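Next up: the structures, one after another.
Note that subunit A is present in both complexes that follow, paired respectively with subunit B and with subunit C.
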Partner chain A sequence: MNNGKPKIGIYELTGCAGDALLIVDCEMELLDIFTAADIQSFAMAKSDNIDGELDVALVEGSVTTEKEISELKDIRERAKIVVAFGNCAAHGGIQARFDDKEWQENLKKVYGNQKFTHTKPVRSKPIDEFVKVDFYLPGCPVSKEQFLHFLTRMLKGNPPEHYPTPVCVTCKYNENDCLLNNGKLCLGPLTADGCGSVCPNHNIPCFGCWGPVENANAIAELHLLKEKGFSVEEIKKRMANFAGTKLADAIKQL
Partner chain B sequence: MRIVKLKQDRLNSFLEAVSTDSELWGPVKKGADKHRFKIVDNPAEFDLDYTRTILPPKKIFLPPRFNMFKAMPTAYEEETMDPTKKILFGVHPCDIHGILIMDQFYTQTYNDPYYIRSRENTIILGHSCWPDEHCLCHSTGTDVANEGYDLFFTALNDEYLVWIGSSKGDDLVRIVPELFNEDLSDRDIQNYIRWREDRSKAFKAEINFKAMPDFMELKYRDAVWENLSHACLACGSCSNVCPTCTCYNVNDKPRLSENASDIARCWDACTLESYSEVAGGENFRESRSERLKLYYTHKLQAFISKYGKPACVGCGRCAATCPVGINVKTVAGALDGEEVDAFWSRYATEVTK
Partner chain C sequence: MKTISIDHLTRVEGNGGITATIDGKTVTEVKFNVFEGPRLIERLTVGRTPEEDVSLAPRICAICSVSHKNAVLRAMEDALDVNVSKKIIYSRELMHMGEMIESHSLHTFLLALPDFLGYPNAIAMAGDFEFEAKIGLEMKNYGNHIMKVYNGRWIHGENAVIGGFGQLPTKEDLTWIKSRALQFMPFVNKTVALFCGLDYPDIPEDDTLYVCCEPGNNEYGFWGDEILLSTGEKYSKYDYPKVTNEYTVSHSFCKRSRYNGRPFSVGALARVNNLGDRLEGQAGEMYRKYFNDRWKKNPLFHAAAQALEIMYCFERIPQLVDLILADREEPALIPYTTKEGTGTGLVEAPRGTLIHHYAIKNGLVDHSDIITPTAMNAEEIERYCHIAAQKLLDEGKEDEIRARMDIVVRAFDPCISCSAHSVEIERVPETAWKDRLLELSAKKAPFFVGVGTEDRSDDRAGLELAARLKEMGIADVYTEKDIDSIRSIQEQRPIIFLDAVNMGESPGKITLIPVDHVLRNVNNSHKFTPFIVGALNGAQIKNSYVLGIQPGTTDFGTEMSSSVKEAVQKVVSALTN
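Coming up: the complex of A and B.
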């Protein structure tokens, strides 16, 4: 602790950096965040970064190279609490939707026979495949509301809250007509809440970008969508988009 | 109770005249064929040819999410004792019965100040309706409202018969007495009686609610609950759209820059897995079948033994909402031994094959 302020590091592995950008976008709260916390490392926002001991490390992005594996392990050693920050860190992101075979094929397609000198690529995986993760904050990007609530609780010494409900809960709060009932391939019931049901609010079905909600009844939804005329292949493809490595095999077996 | 007449083309003049110092809420079209209660500037925005709104009127008294108060180390400050005066127009009899159930619930043992304050500041103007295939209010005995409104408008030909249900309602009529006609003719009475008879015959769905407490008891271990649970997506929508679901959750939201927390309240749903989770991570109803049993025990059994009527007002929202067809109609039907045509029953056949 420095002046009693918790030391925080914000790190980006492979992803679009949207989660780190979301922090910078908290314009009304930035002063409060920097007042309440000692931000030691935040490559997107400042240049005088120190890679020392941390109370909390927010890690965005998935692991896609060997270099990132050692960076991640180093962060874990320095931090008391590691947070998987955003869908890529929590589930692996879109880049984790391929199995080993598909990943090998894609790598070949893009890089051909090129030699990797700087670091060796690996199949994209969420960070908990390599280190212990204390808390998860999914989202694509994470929501401002959930992030600020999470950070505030952490800074005040309270354990962060868990969001165990599907998108449908907020979708109904927003009084949207159910898109499944309108014959749309909506993943709301299978997806963790937090986005404010932003897509269904605009009559666009949920793509599942927050990643799967715990104990989602994917098999029932698959059969429901099948009955509505979608092909099994199409449904599985949509389900796998943001579900990451942990569910990739489960979805295949549905 | 007094009944007066109003020409239908004078309705908007009436609503404009009485809502000068209130928010005016009523049914407005949402998308192609759905409706919701919404604040309007002009009553012409209302679409009275509606069957049900997506969410019931409870959202007006207790929004899905709101901050109750700000808690500080040695004090607290109320944040949303909503004193806005509201007129809620176009409420159908089923929803009036839903409001009566909430009135009873939120004033038993402990008064809920947020509900009561909001409710006391809201005038209820009911409106007649015509049933569709999901309406079950004839079976629940909630197809007619004899209380729970300030005024009730029954549309007959080009006129309204207006029931004055309270002194507040009477005050509204007295703001613009020239719009109303006191003389009800024999013909008006005959027209109303015939309309009621025709409407009674128009109901397509009936449920034997009287038998449900017994059936719930007898079939508590029936395979129907497992069959329902295979398909249930545990989305919580059946509770969120139900006019008599009153459960809520409370969360502390600490403020970043001060030593204070907002104490927030949001609708909860017993069909969600997190509902029955307690400290230490223990969960009393981990399985979907246990949670569905709880929901339907409340609707079809427990409320009846306590209050003498089902906690279902027959609005049909669960039937119009649940994507897998789990609703009061199909569940009661299955308990009654009927062959039910719903996704959940087709899927159960496939699963148990």
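Coming up: the complex of A and C.
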């Protein structure tokens, strides 16, 4: 702690930079955040960055190069708490859908036989495949409410808790007409909550961008979807878009 | 050799770095690296439904997510023959303006302004320039608000879909957007005056080719079905590969583009250069007041162009709201059926032209091609950084190189997720050329091309060297007379030009420089430039080098000076041992 202010570092591996951008997007709270916390490193927002000891490291993006593996390990060594910040860090992101063989083939399709001299690419993986992760904030991108809630709890020294329910729960609170009744494949029952059911609120089925919910009731949810006429294959294929490397576990639950 | 490297370019979206290599008095190489790994997004869209792709493809970039959304929608609707109503098009334009305002105000006030005012970041700047920081944040917030109203959330919202929107905003939401735009106008005026009036440094400046979408109807705008070049040439969107000619490089996961072997700039400055005289209203007045020839060749004017576009958006938004509200009856969504087809969508993202192209077969995406603005600007970022580094080195301001390159990169506002963070400056030893030459030859036998004039003493060096290499039995040695054979080289083998190059060094100094970089900076002892440009295509240029020997004298005569002779001998020994 520095003058009682926690030292925070925000790091970006491979992703769309949406989670870091979301912090910059806390326009009205940004000055407060920079006042309440000692932001040691945040490459998107400042150039006087220091790589030292940290209380909390927010890591966005998945690991896709060898350089990132060593960067991530260095962050872990310096930080008391490491947070997987966003879907890419937590589940590997949409880029983690390919298995090793598919990844090799597709890399070749995009870059031909190009040899890279600056760093070696590796198949995309979430950060917990390389280091211990203390907290997960999924979402593509994370929600502002979830982030600010998380941050204020951290700043006060009260670790935040998980969101244990699927999107459907909030969707019901929001009194939406269930899209499944209209024959649309909505992943709300199988997706972790945190977005406020924003897509169903707009008549758009959930694509599962928070990743799979850790929920004992998954079987019942799956049966519900099957009852509505969707095949397990179809559901898995749709879930695979955002579940990353956590799809296998999620499917085991089913 | 010395390398200046900014290893983590700060205040740009994403992950990358830039390295400048200095050999004596010459900046031999500048490389813009993207460290961020490959995400293979195009490949991820293959085998998915068009609807899934509308949700997946924008994940390329958060700060351009609405542009990606509009590009993928335009492409898919083109492929599936979906004709949306005027109201939907206006609604998408309004949503697009939200992103323009958000992105431009973030870049101008919070990322670029601290550079020009000399602060490490916006927070540090905010102490002395509270008003500017606040206006920047307020505008950004307003832009995000528009996107949220339309898309459910401002980053990766899903409300815009093929055929229209899941749900359209209420009249109250729209009138609020309109009245807020009107309230902003006095601040928008100040924004334009601030950024158009800034004293931008004149390093780097150079002639530039600008590319943007042609909105049609002689209007300003952010999309169209044609590509417009600053030369006046136009291409149909379906012919985009003729303009972009993508290829990969070994030092980055971000692909590159060139038009007729020439790199080009896209973005707000390109749009203002190509379309600025179409601006009307106050934006038009401001354009006529501030635009001048320096805007045509100095990338630092990007911030000024962005400020003009902010004004354009704030003037257009009330008009759009009126147009949308006049058409209350049109449905939010029109039905369509999936069919086979191909489609292309062109939009102007805040950072420049964005192209999505898809082929649909059996209800699924069979092929996809996405070309991002940062991929197109990557070559320009290297070119301008190189010009700046050489110019500052020439002026004896080596210690300013790092900071200036950082500012140049930032001027392009690259969102590296478009596939950068760092400037590295490296000074290499006298003998660096040798290691590099051997490294190049070890991979694939190069073609050697001797260049020069027989009767101008040291200017013979290249021809002499070529003759000696031939004597030593090295294959594939040409001279500039064999121009046609050189032009038809298809193989991916390095082409090494042997030439006397005036680098301002002592006679006999040898340097190995990528051709690209010779084209940009070094004053040659003869007309090297047009000869090369006409002969090579973009990929060849990237694979070509000049082995330069500093001449002593290039007066008439057939005898070379002793130090140049020695240099020729050094190269011959290096290659034949």
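By our rule, the second predicted complex is superposed on the first by the 228 of 254 C-alpha atoms of A that agree within 3 Å, B and C clash if a C-alpha of one lies under 4 Å from a C-alpha of the other, contacts with A are read in each partner's own complex, and residues count from 1 in each chain.
By our rule, a residue touches a chain if its C-beta (ideal position, glycine included) is under 8 Å from a C-beta of that chain, and two chains touch if they have at least 3 such contacts.
As the structure is a computational prediction, the values presented were derived from the model and not from experiment.
Participant: Following the superposition defined at the top, how do subunit B and subunit C come out on subunit A, clash or fit?
Facilitator: fit
Participant: Just checking: does A:D38 make contact with subunit B only, subunit C only, both, or neither of them? Give me first, second, both or neither.
Facilitator: In the superposed model, A:D38 contacts neither subunit B nor subunit C.
Participant: One more residue to check, A:G15. First (subunit B), second (subunit C), both or neither?
Facilitator: second
Participant: If we overlay the two complexes on their shared chain A, which of subunit B and subunit C does A:P141 touch? Say first, second, both or neither.
Facilitator: Touch partner of A:P141: subunit C, not subunit B.
Participant: When the two structures are overlaid on chain A, which partner does A:E214 contact: first (subunit B), second (subunit C), both, or neither?
Facilitator: A:E214: touches subunit B, not subunit C.
Participant: Scan A:E129 for contacts with subunit B and subunit C and give back first, second, both or neither.
Facilitator: Neither partner.
Participant: By the touch definition at the top of the document, which applies to A:H223: first (subunit B), second (subunit C), both, or neither?
Facilitator: First partner only, subunit B.
Participant: According to the contact criterion defined above, which of subunit B and subunit C contacts more residues of subunit A?
Facilitator: Looking at subunit B versus subunit C, the one contacting more residues of subunit A is C.
Participant: Between subunit B and subunit C, what opening angle does the Cα centre of subunit A see in the overlaid model, nearest 10 degrees?
Facilitator: Given the fit on chain A C-alpha atoms, the answer is 130 degrees.
Participant: Quick one: classify A:D55 as touching subunit B (first), subunit C (second), both or neither.
Facilitator: neither
Participant: Just subunit B (first), just subunit C (second), both, or neither: which does A:N203 touch?
Facilitator: Both partners.
Participant: Once the structures are superposed on A, label A:E161 by its partner contacts, choosing first (subunit B), second (subunit C), both or neither.
Facilitator: So A:E161 only meets subunit B here.
Participant: After superposing the two complexes on chain A, what is the shortest C-alpha distance between subunit B and subunit C, in Å?
Facilitator: Superposed on chain A, the two chains' closest C-alpha atoms are separated by 10 Å.
Participant: Could you give the residue numbers on subunit A that contact subunit B in one complex and subunit C in the other?
Facilitator: 203
Participant: Using the touch rule from the top, collect the residues of subunit A that touch subunit C in their complex.
Facilitator: Answer in residue numbers: 12-22, 24-25, 27-28, 30-31, 34, 43-49, 61-65, 67-68, 93-95, 97-98, 103, 106-107, 109-112, 114-119, 121-122, 124, 140-141, 143, 195, 198-199, 201-204, 207, 209, 238, 241.
Participant: Residues of subunit B touching subunit A in their complex?
Facilitator: Touching subunit A from subunit B are residues 30-31, 34, 36, 53-55, 59, 64-65, 230-237, 240-241, 251-257, 266-267, 269, 272-274, 277, 288, 320-321, 323-324, 343, 346-347, 350.
Participant: Please give the residue numbers of subunit A that touch subunit B in the complex, ascending.
Facilitator: 29, 32-33, 35-36, 148-149, 151-153, 155-156, 158, 161-162, 164-166, 168-169, 172-173, 175-178, 180-181, 188-190, 203, 214-217, 220-221, 223-224, 227
Participant: Would you pull the subunit C residues touching subunit A in the complex into a rising list?
Facilitator: Touching subunit A: residues 8-15, 33, 35-44, 48, 52, 55-56, 59-63, 65, 106, 110, 120-124, 126, 137-138, 140-141, 144, 152-159, 161, 165-167, 248-253, 406, 415-417, 421 of subunit C.
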